[in-house]
Structure formats: C-alpha cells, structure tokens
Amino acid sequence: MSEHIVKSFGEELEQLSADIARMGGQAESMVADSVQSVIRRDPELAREIIARDQRVDDAQADLERKVIRLFALRQPMASDLRATFAALKISADLERIGDLAKNIAKRSRVLSEAEALPVARGVDQMGRAVSQQLKNVLDAYAHSHVDKAVDVWTSDEEIDEHYNSLFRELLTYMMEDPRMISGATHLLFIAKNLERIGDHATNIAEVIYFVVTGENLAKDRPKTNTVEAGPEPEED
Amino acid sequence: MTDAAQDISIKQAVEARLKKRHRAEQRFRLYGLSAILLALAALATLIGSIAMQAAPAFTAWEITLDVDLDASRAAPGVGQALPGSPEFEAAVRRGSYAGLMQDAMRDRFPQIEERSQLRELFGLYTSVSSSGLMNRVLDNPSLLDRQTTHTIPVSDDVDRYLKGQVTGIERVRNAGAAQLALADDGAASLRLNPALLDAIQSEAGEEGFGFGIDDPSVIVRFADGAARITGLQGDVAQAEILTPFAAGAGEASLLVLETPEANRLISDAQIVWTETLRDAGVITRGFNTYLFTNTDSREPELAGVLGALVGSILTMLVTMFMAVPVGVFTALYLEEYAPRTRWTDLIEVNINNLAAVPSIVFGLLGLAVFINFFGMPRSAPLVGGMVLALMTLPTVIISSRAALKAVPPSIREAALGVGASRTQTVFSHVLPLAMPGIMTGSIIGLAQALGETAPLLMIGMVAFVADTPNTFTDPSTVMPVQIYMWALNPERAWEARSAAAIIVLLSLMIVMNAIAVLLRRRFERRW
Amino acid sequence: MSVSHIVALILLVATAAAYYRGRERAMTVAGGAPSRLHSMPSYSGYYVAILTGLPAFALLMLYAVFGTPLIDMAAMQSLPANVASAPPEQIELFMRDARALAFGEQPSRTSALHMDMADRIAGLTRIATWVVALLTLAIAGAGLYLGQSQVSTTLRARNRVETVVKGVLLLSSVIAILTTLGIVLSLLFESLRFFSAVSPIEFLFGLQWSPQIALREDQVGQSGAFGAIPLFAGTFLITAIAMTVAVPIGLYAAIYLSEYATRTQRKVFKPLLEILAGIPTVVYGFFALLTVGPFIRAICEAAGFGVPTQSALAAGLVMGIMIIPFVSSLSDDVINAVPQSLRDGAYAMGATKSETIRQVVFPAALPGIVGAVLLAVSRAIGETMIVVMAAGQAAKLTGNPFESVTTITVQIVTLLTGDQEFDSPKTLAAFALGLVLFIVTLCLNVIALRVVQKYREKYD
Amino acid sequence: MTDTPTPAEGIQPPKGLRAAMEENPTHGVQPKRDMKVRARDVSVFYGGKQALFDVAVDIPDRTVTALIGPSGCGKSTFLRTINRMNDTIDTARTTGVIEIDGQNIYEKDVDPVPLRARVGMVFQKPNPFPKSIFDNVAYGAKIHGIAANRDQLEEIVENSLRRAGLWEEVKDRLDQPGTGLSGGQQQRLVIARAIAVSPEVILMDEPCSALDPIATARIEELIDELRENYCIIIVTHSMAQAARVSQQTAFFHLGKLVESGATEEMFTKPRDERTQDYITGRYG
Amino acid sequence: MSEHIVKSFGEELEQLSADIARMGGQAESMVADSVQSVIRRDPELAREIIARDQRVDDAQADLERKVIRLFALRQPMASDLRATFAALKISADLERIGDLAKNIAKRSRVLSEAEALPVARGVDQMGRAVSQQLKNVLDAYAHSHVDKAVDVWTSDEEIDEHYNSLFRELLTYMMEDPRMISGATHLLFIAKNLERIGDHATNIAEVIYFVVTGENLAKDRPKTNTVEAGPEPEED
Amino acid sequence: MTDTPTPAEGIQPPKGLRAAMEENPTHGVQPKRDMKVRARDVSVFYGGKQALFDVAVDIPDRTVTALIGPSGCGKSTFLRTINRMNDTIDTARTTGVIEIDGQNIYEKDVDPVPLRARVGMVFQKPNPFPKSIFDNVAYGAKIHGIAANRDQLEEIVENSLRRAGLWEEVKDRLDQPGTGLSGGQQQRLVIARAIAVSPEVILMDEPCSALDPIATARIEELIDELRENYCIIIVTHSMAQAARVSQQTAFFHLGKLVESGATEEMFTKPRDERTQDYITGRYG
C-alpha cells in the first residue's frame, strides 16, 4: 500500500503498531517470567513482575487515549480504521494478559512460602505452550500474517488439553493430601489464568484476521473439548 | 406522489403538451435568426450600396494633351532668369497655361471655330487643372520651350458620361453609308442608305420617339464629323451638325443617347468630341489618384481627401494624447485608490453619464468654452481634438476600468499579501495585466472619435479648406465632415466622391479596429 | 530653439540624473544591503527626481499658460490714456498686432504706437524668459540638493512617491468632473442669455419654430418664433420609429446569439453586428439620404402618393439600424450575465430552450434590458448626423412618418453652422436646445444606469 | 443503520464484471432487484477529449448512491448523462446505453424535455429563479401542465416545500423572491422545485459544496428523508459526506468506474487498491 | 444538548445506547439467574442461561460492527465520540459478564449433580451484591449519572470482602472433607467469577465517568484489601 | 502526536478569562511562553456593522492554530486583522490591540506594507501572479530588497520551493507561467512565495477549499512540515481539517471567540456547549 500523503498520520498509525508490539513484548515476558517464578519458587521475580504490570496498564491507557485522539483528529477509514480499531482491541487483550500474569506472580509468591507441589512440569509445559501461542500471535500481528494468526486460532485446543490434565492432576493431589489444598487452589487458578491467556491470544488472532481481511473469523471455532468431558466447565 | 396512477397521469399530462411546446420552440428560434438576418441584410445593403456608389470614383477618365510650352506664353519675360530664382518663378506664374492647354485642345479639333462651341469644347475639362501644368514647369524648368504631354482629369460630367451614369448609349458601327446632302444654313441633311435607315428606325422606331429636343439623340458619325438627326423624310434625314465633316460621305456609325439632351449637363457635341477623343486614345481611364493626393476642391473631379485625412490624423493625435493618459489615470484612481465615498460615487455616476451624453453637446461645450471663452482658433485640429478627447474620455475610462476590474482581486491580495504597497501592486501587477484591455478600449474609443462629425460641425470644422493642414492650429477639416459636406453638394458627381471618401474612412476604422481585435486576441487572458 | 525649450530639456536631463543620484545615494547609505532601507533604492531615486523636476516643471507650465497675459498686462500699464480707454475689442486687436510685430509675424496693421508696444513686449518677454529659466533651474537644483540630503535608511521615500502618484491620478479624475461642469455651465450660461430674450414658456410650449426670420435687426418680428414643440415632436417621432426597428431586432438578435447560435455562428454574426456599431453616423446619414430616402420615395410613388426624399421614416429606419447593435450588444451582455446555473436549473426542470429564455433568462435580465433600451433611446434622441442629413428641416408638427420633420439636434446644427452672430437669439437658441437635450438624456441615463447597476449587483 | 440495504441489494456489478468478482463471497451473483438506473458502456467525449470510459453500473431505487473520486474523475460528467444535461453543451457527445426503468434514454426518439421532468437535478450552487418562492416551486408543474388548476398548483407547492423541510420557514412569505433566502434555504428550495414535478430520480451535483457545515447537515438530513421515495444520486467532493448520506457508493478515477458497492463496505473494506488509497488519503 | 441536525446520526447513537441497555439487561438477568441456579441446584435454569449467552455474544459482535460503521460513516466527535467509544468498551465488559455468568451456570450444572455444600447463603449474598452493583451501574449509564457511577466504583470493595470470606470458608470445607474438594473448587471459581463481574461493573462505571466528563477516573482506586491480607492474591 | 504542545503550552486564555477557567484544572494559570500573536479587545466594523466583538486570544509560535466556526462567524475577519489586510477594504475599521512579538501592529506609525512581509498570507483560491514560477517566488524578495544579487535570489527561490515541497516538480520549468500549474501546485507555489520573504507568521484563509482531497492532503502535509518554523494560523471551513492539521483551535461564533484551546481537547471534550453543538453537528 502507498504512503499516506499526510506523513504524520502515517506516523501516528505506525506509532500505534509499535506501541502494541512493545506492550506485546512486555506481556509476553511477564507470562514467561511468571511461570518461571512459579516453577523456580522465586518471590523476587514475582515481585518484579507485579511491578511490571503497571507499565502495561499505563501503556494500554496511553494507547486508548491515542486511539480516541486518532478517531477525533484523523477520522481513519478503511484499512486505517480497521488497524486503529484492532490496536484498541489487542491492547485490551494484552492488558488482560498482563493482569493474568501478575496474578500468577502474586500466587507464585504465596506458593513459594508453602510446600512445593509436584506439578511443576505440567505448569512449565503449559506455560511454554501459552508463551509460544502469544509469541506467534504477536509475530503474526507484526507482519500482518493471516495464516499464522489462523494457526494460533486453531491450536488453542492444545492449551485447553494442558489445562484439563493439570486440573485433574491437581484435584487428585488435593484429595490425596488436604494440606496441599491451599497451594493446589492457587495452582488451579494459575492454570486457569494460563488458559485465559491462551484465550486472549486467540482473540488477538481473530483481530489480526479482521485487520487484514476486513472479515470476521467464523464464530464456530473448532474446539474439541466439551463441557461434560472433564470435571471442569469450560470458560468461554 | 408515489401513487403509480398519479405518476402515469403526470406523464400523460407532460406528453400531451410536448408537441405544442416544441412548435413554440421552433418559432422562437426562427424569430431570433430572422432578427439577425434582417440586421445583416441591412448591413449588406448599407455596405453594398455605398460600395456601388463609390466604385466609379476610384477610377477617373483623363485627357492627355500635347502641350507646346512656348516660353513666351509659358513664362513671359523670363529672360535669363535662372531656374529656381524668384524672378523665374514670377515669370512662370505669369504664364497662361490655361491658354496653352486650350491651344492643345483646339489642335485636336481644328474644324471647330465657333466661340460657343469652343467654350463647350474647353468644358471637357476644368480649367483649374492647368495649375498642375504650371507646377510641373516650376518643378522642372527644362520643360520650357518643349513639347510635352499633360494629363488632366476630364470634367465630372464627361467622367460620368464615360462611366455610363448619364445616359444609355446604343452604338451601331458600320451601319451603312451616309452622304452629306446640303449644308448651307448650318442645318444639314443627310442621305442615308437603306441599311443605315433601318438601323436608325430600329433604334428609334420601337419606342416611336421623334427627334425633338425632348427625345433621345440619334447621332450619325462619319468622316470625322457628326450630326444629330432632327427629322426623317424618306431616305433623307434633317440633321444638326455637331462636328463638321471632313468629307461628303462615308461609312457611318450610329450613336443613340437615350436621355434627351435637355435632361443632361453634357451636350451632344461634347459627347461626340469625347467619343472622338476616346477613340483617338486621348481620353483614357486610369486609377483615380486625385482622390488621394488632392485636397478639397469646388470641382468634384479634382476633390481629394488628403486634407481631411491629415486633419483627421492631427485631430486624433490630440485626442489620443489627451484622452488616453487622463482616462487611464482616472480609471486607476477610481478603481484602485479611491475610497468608496460620496465623492467617488459622484465621479462615477458623472463619468457614466458623460459616456451617454450626445456628442453634439460636446460640440456645444467646445464652442462655448474653447472658442468663445478661451478664444482658441476655429476649425483647428487642436480644438477638434480636445472636444473629441473630452467625448472619448468616458469611453477610455470605462473600458480601462472594466479592464482593471477584470484583473481578479486575488492578484491584488497576493501582491499586498507579500508586502507590496498599493502603488507597487497597481503598477507592477494590475496595470500590466489590464494593459491589453485598456489599449483595446482606447483604440475603439479613438476609432469612434475618428468617425464623429456632429461636435466638429459646432466648432467650425465644416469650413472649406483647400490646403493640407501642417500644424495643430491650422484650419482643417476631418474625414467625416468632408463626407458630410460632399454628400450635401447637389452635383451628382459628389455622390460617388463622398461614397469613396466613406470607403477610405471605413478602411481606416477597420484598420484601427483590427488592431484592437488583434490586441485582444493576442493578450486575452481568461481567469 | 527658444530658451524655454532649452530649459525644459535641461530639466528633463536633470530629472533623469536626479533619479540615478537618488538611487545611488540610497545604495551607499544602505551599504549595499537594500533590505536595511525603509524603501527600495529606486524609490529614493524617484523621490529625488520628483523633488527636482516637479516644482520646476510646474513653474514652466505656469509661465507657459499665464506668461503672455501677465506680460501683456505689464506692457499695457504704459498705454496712453486715450488708447487705454478704447473699447476692449480694439485694445485686444491692438495688442494682437503688437504681439505679432514683437515676434516677427505679419501684423494686420502697424503704427508707431504698435512698434512701441512691440518693443516693450519683446523686452519684457526676454526678461521674463530669462528670469523664469534661472528660477526654474534654481528650484530644480534646490530640489536635487534637498532630495539627496534627505536620503537615509529611514526615509519613507516609497510612501512619499506614492503620495505624489496618487495626487496625479486624483487630478486626472477631476477632469471628468470639470467636463460635466463645463457642459452644464456653458449650456446654462448661454441659455440664460437666450431666455432673457425669449421666454422659457414660449420656448418650451410654443408651436411655431422659425428662427430664420431674425436675421436683420430692423426686421419685423426680429425675435422670430422659438416654439420648440415641433422639434420635440419630430425628435420623438424619429426616436419612436428607430426604437420600433431596433428593439425587437436587437433583442431577438441578442437572444439568438447568446442562447441559440453555435460557436461558429456566434463567431461570424457577432463581429458583423459590431461592424454595424462601428460605422460612423455620417455614413448612416449618407445611406439614409442617398439610398433609403429615394427608395422610400420610389415605393410611395409606385403606390401612388408623393413624399419627399427626406422623411422621418427614412431617418428613423436608418437610425433604427444603427441602434440595433447597441441594443443587441448591451442585451447580450445582460443576458450573458444571467448565471448559467439559472439556465441549468430550468433545463433540468425539463424546460425547453425557449421556455428557459422567456420564463427564466429574460425576466432575470429584464432590468438590464430596460436599462439598455433606455440608453438606446437616449442615444437616438441625441443622434445628429442621420437626422441632419435625412430628416429634413421643416419644423412641422406631424405624426406622419412620410413627411419631413426636424429635430432638436438638426436645429442645433442648422443654427450654429454658417455665419453667426454670437449674441443673436438664433444662435443662443441652439444652446437652449442643447440644454434641453442634455437634461433629457441625462435623466434617461441616470435612470438607465441606476437600473443596470441594480441588476449587476444582483448577479455579482 | 436501520434499513440499509445489504451489499447484496446494493449496486449491482454488471454482468461483465461479475465473473471477476465471484471470488469474493459477499459479491456473488445476486438476483436482479429494483434497479432504477442501468448504465452500460457509457462514454462521454468533450470535443476530442474522452472524459468518461465505458462506465457500467446499476443504481437501485429508493437509495442514495454517492459518486466519489478526485477532481476531473468524471463523476459529474456521468451524473449529467443521466438526465442528458450534457446535451446542452455543444461539444459533448455521449455513447452507450443508460436505461431508466429499462428504457434507454439515449435512443433517438427520446425527448430530453420530458425526461428531465422524470430525472430532477440539483446543482452545486443553489440556483433559485429570480421569482417568488411560490413560482419557483410551481415552475415545473406549470411548464409541464401538471396542475389542472390553481388549487392543485398550491397543493403541489405546499407538498413539495413540506417534503423539502422548508414549508415552516417560508409559508408566510411565499410571494417573496427565492433569491432572498439563505444559501441552505435556497438549496432546499431548489430541491423542492425538483420534487414538485414528481421525478423518479434526483441527481445532485455537490449540493453542499457552497454551504457551511450547519446548512450542509440540514441538506444531508433532507437527503436522508427523501431517500424513502426517490432514487437519489449524489456527486460529492467530500468522502465524509458520501459516508454520511449514501448507502451505495461508486468510485471514479480518471474517467473510469473503479469500484462500486455498499457505502459501508467501501469505507471499511474497499476491494480496489485505488479506492483504498483514495479513501485513506494516500498517494494516488 | 441539542438534537443532531442529521437525525439518522442521532438515531444511530441512540441505537447504540439502546443496544447497551438491552445487553446490560440480559447480562444482569444472566448473573442473577446463574446465582439462583447454583443455590437452587437447578440444571434446567443453568442450561437455559448457557444458551442465553450466545445472544449476548451476538449482541456484542453486532454492536462492535455498528461502532466500526459509525466511525467509518459518521466520524463522531466530542461527546458523540466518547459515547461511541464507551459503548464499545461497555459492550466488551457486558460480554465478559455474560461469559462469566455462563461459566457459573456450567459449574452449577456440575454442582447440582454432586453433593450440596453449605455455602449457599454466602454465594447468594455475594450474588445479590454483584447484581446490585451491575444494576446500579447500568442505571447510571442509562441516565448518564456520574455520581451513581462513582458510587459503584467506590463500593467495589464490599464485593471483594464477600469474596474473601467465601474463599476462606470454602478452603475450610475442602480441608475438612476431601470429598467436597471437587465441588468446592467449582464454588471457588464461581466466587471468583462473581468477583470478576463486580470488577467489570467498576470498569463500566469508569467508562460512564469518561463519557460524561471527558476525564478518566483517577487510576488509584481506593481499594482496601491488600494482596497479603487474605490467603488469596487479588487479581488485577 | 509526537511533540504536540499540551494544553498548558497552547493557546493562552488572556488574563481576563483566566479567573473563570481556573476551576478547570487543565486550564489553570500557566507561565506565559513563546506567544507570537496576542490579540486584545479586537473588534472589526464593516461600515456600521460589527463583524467581530472584543476578541482576545494568544497564539503560540511554531504551532498550527485553526480558526473554526460557521459561515459569517468572523474567523476570516479576525485572520485578516493580523496582517491588516482589512485596511484594504474601505469600509472596514478595526479597534483593539494585536501584538506580534509584543509590538502593537495597529499603532499609528506602523506601516502595513513591511508588516505584511512579516505576516505572510495564503488565500482561499490559489492566486499566483501571471508570471513565471521563478518570478512569482522572487517577487517578494525583490520588492523588499532581500536578495543582494541574482545568485542570492536564486537561492531564496530554490529554498522556498523546496520548503513548499514543489522544487522537484517545477525545477525544470521555473520560467514557465505559475498559472499553468494545477490547483494544488499553485497553492504550494503561493505558499513558497509567502515563505520567500521569511515571514514569522503565515495566515491561511481556507487554503484547501478550492482543492480536491488529494491536493488538500498534500497541502495539509506541507502545513504540518512548516509548523516547525512558523507560527501558522489557518481558517478552515472543515472541522475535519482543523482536527487534522492544527494543534490549537479557536472556535468563533457570531463574531465572538467562544472557546480556544488544544485541538485534541476541542474535538474530544470541548468546554462550551456551542462548540460541542457545532463540532458534533447539532442545531446551533
């Protein structure tokens, strides 16, 4: 596509993308680090992550302001409109991802004070999978790769499986050893949070698809797990 | 109105009227076209009739005489005076050139001796023309005592006769033999052979005219002589001899002049001589240079427009140098400087009014103010020019203002916007852009002034002026006034002269307007 | 070449030099950077040139205009009493001869007194010329000095030069006013003299016009008859005929040209019509006199009644032809000024072309057209040459177009051409007629211009 | 937002173009429906210069269709072919077919005079006739002989003024000149004048470009109301205006029709790169 | 404020508000009903709620489309821009609230099959509080009442307290009776969901404040509970 | 977005108004900073009609300030007071004080001619002189004697054309008439001409109203670039344009200055009801 005649408009739009990319980077590292803090039982790291969340929140507020400004002053149209709109939506997802990562970090601080649970590997695997999803979707955004975005969108299923198995495992531990209940509850929530992060990545993928094609991804996502399958109802 | 039925009824109503409306359309268009064609027909008639009237005036019949410039008559008492000396000139001026020319003429018709006939003979040209010969001698003293040929225009009546404007002519050459019967009492009788008789009767008989003074003239010519038939008896015709015959008989030719002698200014005898001279190649037709090289004259054949032309040019110069700068300056002031006040409104209304004031009123102004009040000379190009300048001034102002107005205000804003002063803006942007328009308007105004007559009548430019004016204060006349004066002369010959003068004036104006149009085309700018 | 001419030439050169001097000076003052100056260097040049040339030239002009009368006046101080008490005309004649003698021209008569006066005039003139020449040069020099000494970075040369320019322009625009003033005053002045001899009532309402009678003073009824009604009637008759010809043809022609004609038609027809406007009136007069008049007479004779060659009809017809382009081009302007958007509006409503013109364009243009017609009437009334040549001289009160009539303008021309005594009522009557003519056309013009102006404002 | 036609009901790409567009699922072949104006191969020449190249477009009834594009793109030229206003320009020549309700208006025997009664037009500059307000509105009815009597005429005038949203403002001064109204009122008067002859199609050539934002908004509101009864085609310089008032948009570029479709689609996801560039303000 | 000259623009804006109001009503009833389904152990009601969520999702997607359309075609400015923007954000919140209610309903179906837990009163109370919050904030939106919105925003604290007490109670039950662990876990998530719904209500309150005043509510919300206070780390 | 002045740096409400605004924390008293143009009690009368009422506003340097408002609101009138262009209208009379860098330009001894070199102006319709492109740009430098010689002049012309973004397009045809350029190019030429005399303030009176969207975008881009070096004041009919190009906006209504402030604020949260109504397109 050609350049905008009014360069500053083009610059402002690029600025939005850059902001999203930076926020995405921050959120991505927070997710990875928060999982590490759980596994490594590292309260210091956790504290740091909690602090970092403020930055993402600020960035999101800032971006929202910029978007409103852009709507008011530039009246973006067509692809510009979609891009602006997408930036707004993605930033909200990223902000939520940051929040969820922070929540994981908070719980990891609680966990690190309690006894260790033998589910580190499951959390680690799930954390990696989620981080990968996030990374992929952010790459797709940076390069406007629809295919990559669609890949992320379809592979959310994998994360859901991780979650289901972790959930069952944790329930087993809790029943086996009531002392672990408190810790396992936190881990439950951590797993839930990771699953939510995966959902947000899928949302971002949908938005990317919309920016590039102007169409929405079909509503009926090919999710395989059903509500009754596991002991846990699927959050949507 | 969304109702379909209603829509259809509307459609029908529209359709129903269409035919009528289209017919009205055609009619209206036809009116417009007719109006234009009518106006153009008027123009064509005007130009056509003038051109037709003027056409004869551009050629002139001239008579070329062999003159013997005998010094004793051409320059009596010249003695040894050197050519160019005052004495020489005085001597030449004493010369009797008219007599010399009469002699030359007489040589052509040695048979004619009667005084009255001779007067008629010399009436073939105007005696004033002899001064031309004198001038030639003054210019070229070596002509003295030599034989020379001198060409002068024939008189207006002869000229008109030769151009066929006086009478219808029937010529029958070799009509048959004729014999002079007796010629004792001035009246003669001719014996005509049957062929000639037939010819005469066929010319005269059809209309059944007689041979009286109110009838067409039938002239029989043979043997260098000519006689007008006054009656027919068998094969003998009574005749009045116009030119004596050199022999008693000969193969005759007939000349029938349809207009009776009494109704024309040229006599039968003059016609016969003219015919003779023309046959001899003495009277020839040439381009009428007199029209352009002569000044006004009492004799139509000698009258020319030179004086009026120079007068017009001088007058126009005065007009131009007064009206154009003042007009342009005024326009500049009003358009670019003057604040909109009552005062400028007054000037503006005033100028618009002046433009529509009848021109004759300017004449009255000139008469009352320039001539009576300031005591300036009458009939002078200076005064004429000033009066016309005042008359042209509003035209120049209005067209200059229009040209200035046509320069879009954005140009002024642009110049002012970059910090040019009012005067810089006007003189370096507005005026140059308006200049073609101003020039065009000025030229058109001057062309109008050139054709203006009425105000000049008021200031005495109507006087007869026989000299070419040299200065702005010399008495002079101008082209349109010249035309007016000529047109009012009763002799028919003036009609053609004034028409010819009109052609000259129109050509002048066409040239001016063409320049204006060219300027407009060349520099026209559309915003 | 006289002293005055030489001085004028010197002055011209000095002015040009002053311009360069001023510019140079400004450049020096600015040290080569003109942006430091208040005004560009050339303005300093103009400023110095104006100071140098303007007052000096003004002095020369004054001398040229008033020099001779002043010298005459001075010379006349020494006239012997018996001569000085002579009537003014004789003194004038005397002075004219003396002046002719003084400047080496041919006097009408000479005498010792004349020679004496001539010497005096010549002497005074020589002195005056030299004084003026020196004074002029001195003023120019002073101007040059003053001007260049004023040149500085802060000199508002541009503003001053522009003030002078503006002054010159203003003076020019005053001339137009002076012209009107001149017309009004001269007409009024002479008319008043006329009205002191002939009562205005008689003039305006009298039915008899025969000014020719009053040629000799001892004649009975020396004042003649100055009832102008027949002239007004003749003027009106001819104008009416002219407008009957010109208005419909002119209007329809304008409509056709502006609305129907193709570009080529317009290119051909419009200039042709303009030719009609450019033809001098004397040519129309000629045409009326020698073509139209005889033609009408011929037709009438063929129809069985005799009419004179000079008739109101001939003059009116030809005047009508003359006015066609006037009406058509004014109407054309007016019609073209109607915005295209109005036409588009009507076309888009489904109006045919003629409906558009008659119902939208024409009403919109009507005020302008009325103005144009009024101007045309004013023009017809004031037209002189055609009627002089083709309408005749007979001051008849008639409505018959085949008769010869006379008009105001014809009478003005008749009364004022040929030999005239400037104070006979006959001559002065022309000015009274001129005054009437002026007032009538003025009224028409004012109304017409007002109407047209209102119209223009509407579509500007 | 309420009853916008979906793209499927909107401007139909003509048959020739359909094949190319079937890839795009939202622009597949649709059953032909209620097309008021159909243009095929419309080209316009001014003298030797071609101003419009083979335009083919279908315009639905009871819809506002906007024609947009950069200056000189041919949008106004195309508009003026629809009521044959180009006929009034000597040098203009139009080829191709324009059908209104299936009838080719460029056929030889079609008289442009009644055609223009069917296809009203509103111009850039308000151009009320220099007559009274009443006569302005009554003009068309009078020349076409639509009203049988004065009462009918008055009814037509009142109705038209009401529809144009001007009645309340002018009902007390119908005899005053139409030129005395404000610019926005004049433009509504002109619209009332166009409505008075019950046209089927109303063409508008940049009707707001001479008006200020408030007057513009009023006209846009009026256009929106008129849409229910007429096929309105509007040329506009302002993309924002096209977005606001139209349901269908056609984009012209260099005398060619580049893209046409539902306005919402055009402004959110145009198909052609040139449209995209123009709408988003990029080098074009 | 005066009316829009272009009525259809005004109508479109009102339509947005109306959509939000309808979505709000749907979400509100879903929340109340889902709590009821938990308390009354009513799987039918739960199933119905789960079906209802689709409507909210559709409404949100529809609203998002309308907002994009509005931006593209109307270029809203000033208060209109803020209102449009707000509708977008509120609809996202409502959609999340719907999801959360659906999740509660899903869990209630699981719970209704298992043994009953004696925490119905706590859940009921918390449910009422959250519903009240939601109702208040939607009223504030409908009438553009800033004060009411600020009230909602400041009173989020109450819900957090409900949540903390419920959390502690449930942990206690789990430790006491490992059989209850599975059910209690679901209740834990239900409580968490209610707490999240409260948060969304606060978000909506912030947005309302922004619409009306054009300013953001100060970032430092006067929250009282701290991370370390209870056994449960505070999300957000 | 990058270096927009915050409201605090923007248009300063004059002292008289400050008290009234201190309630609003974002518009409190600010230290005076870099104000290029200060207007106080500026009223303009055309004949007996008052067109502008006591306008008081401060306009910062190196900023684009937009003047907006409905037709006849006085925005253009106010603009023309800043370089005393109203002086060229006979009937116009201006009272009050306008200071540029602290100097009142309406003082008696101020010559408007050099003032207009300091305050450049660009008009609604591009108005290049009918001279060559070079002469157009060089004109101001010539009459003000800015260039000492031909080389300097050429340098000035090139620089100005470069800044106006026109150099590349016209460098090969500097001797061709400026009127032969397209509308947008002409407007940039006119801007180059204004720049050539190194003005401090550039006034623009609806500079894009005669241009199509693409040419408009080019001019807007140019304005944005010029902002770094000049104090630019632009009157615009189009709110969207004011939003796009300006950092500061002043809203005029019925000859009065209703509100002024940072553009972003004006378009997202205007303080005055009239501004709000105007900006959102409500009955005003």
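When the chains are written out, they are named A, B, C, D, E and F in that same order, and each has its own residue count from 1.
The working rule: a residue touches a chain if its C-beta (ideal position, glycine included) is under 8 Å from a C-beta of that chain, and two chains touch if they have at least 3 such contacts.
This one's a predicted model, so the numbers in the text were calculated from it and none came from an experiment.
Visitor: So if I look at the partners of subunit B and the partners of subunit C, which chains show up in both lists?
Guide: Where subunit B and subunit C share a partner, that partner set is D, F.
Visitor: Hopping along touching chains only, can you work out the least number of steps from subunit B to subunit E?
Guide: When the steps are counted carefully, the minimum from subunit B to subunit E is 2.
Visitor: Can you name the chain that lies farthest from subunit D, using the mean of each chain's Cα atoms as its centre?
Guide: B
Visitor: Measuring centre to centre with C-alpha atoms, which chain is farthest from subunit A?
Guide: B
Visitor: In terms of residue numbering, is the interface formed by subunit D and subunit F classified as same (over half shared) or different (under half shared)?
Guide: Same; most numbers are used by both subunit D and subunit F.
Visitor: With chain centres taken as the means of their Cα atoms, state the distance from subunit B to subunit D in Å.
Guide: Here the centre of subunit D sits 65 Å away from the centre of subunit B.
Visitor: For subunit A and subunit B, what's the span in angstrom between their mean Cα positions?
Guide: It comes to 107 Å between the two C-alpha centres.
Visitor: Quick check: how many Å separate the C-alpha centres of subunit A and subunit F?
Guide: 48
Visitor: When the centre of a chain is set as the mean of its C-alpha atoms, what distance in Å lies between subunit D and subunit F?
Guide: Centre-to-centre distance between subunit D and subunit F: 36 Å.
Visitor: Could you check subunit B for residues that touch two or more other chains and list them?
Guide: 14, 21-22, 421-422, 424
Visitor: Counting only residues that touch at least two other chains, what does the list for subunit D look like?
Guide: 113-114, 117, 143-144, 197, 214, 217, 239-240, 243, 267-268, 281, 284 - these are the residues of subunit D that touch more than one other chain.
Visitor: Show the residues in subunit A shared as contacts by 2 or more other chains, in ascending order.
Guide: Within subunit A, the residues that touch at least two other chains are 4-6, 9, 68, 72, 75-78, 81-82.
Visitor: Tell me, which pairs of chains are in touch?
Guide: Listed by label, chains in contact pair as A-D, A-E, A-F, B-C, B-D, B-F, C-D, C-F, D-E, D-F, E-F.
Visitor: Which residues of subunit A touch subunit D once you look at their complex with the stated criterion?
Guide: Within the complex, subunit A contacts subunit D at residues 1-6, 9, 75-82, 213-215.
Visitor: Show me the residue ranges of subunit B that touch subunit C in the complex, using the header's touch definition.
Guide: Listed in rising order, the residues of subunit B that touch subunit C are 14, 21-22, 24-25, 27-29, 31-36, 38-40, 42-43, 45-46, 49-50, 53, 325-327, 329-330, 332-334, 337-338, 346-347, 349-354, 356-365, 367-369, 372-373, 390, 393-394, 397, 421-424, 447-448, 450-454, 457-458, 462, 480-481, 483-484, 487-488, 495, 498-499, 502, 505-506, 509, 513, 517.
Visitor: Write out the stretch or stretches of subunit F touching subunit E in their complex.
Guide: On the subunit F side, the touching residues are 239-240, 243, 266-270, 273, 275-277, 279-284.
Visitor: Under the definition above, what is the set of subunit D residues touching subunit B in their complex?
Guide: The touching residues are 111, 113-114, 117-118, 143-146, 159, 197-198, 200, 229.
Visitor: Residues of subunit F touching subunit A in their complex?
Guide: On the subunit F side, the touching residues are 1-2, 214, 217-218, 220-221, 224, 240, 243-244, 263-264, 267-268.
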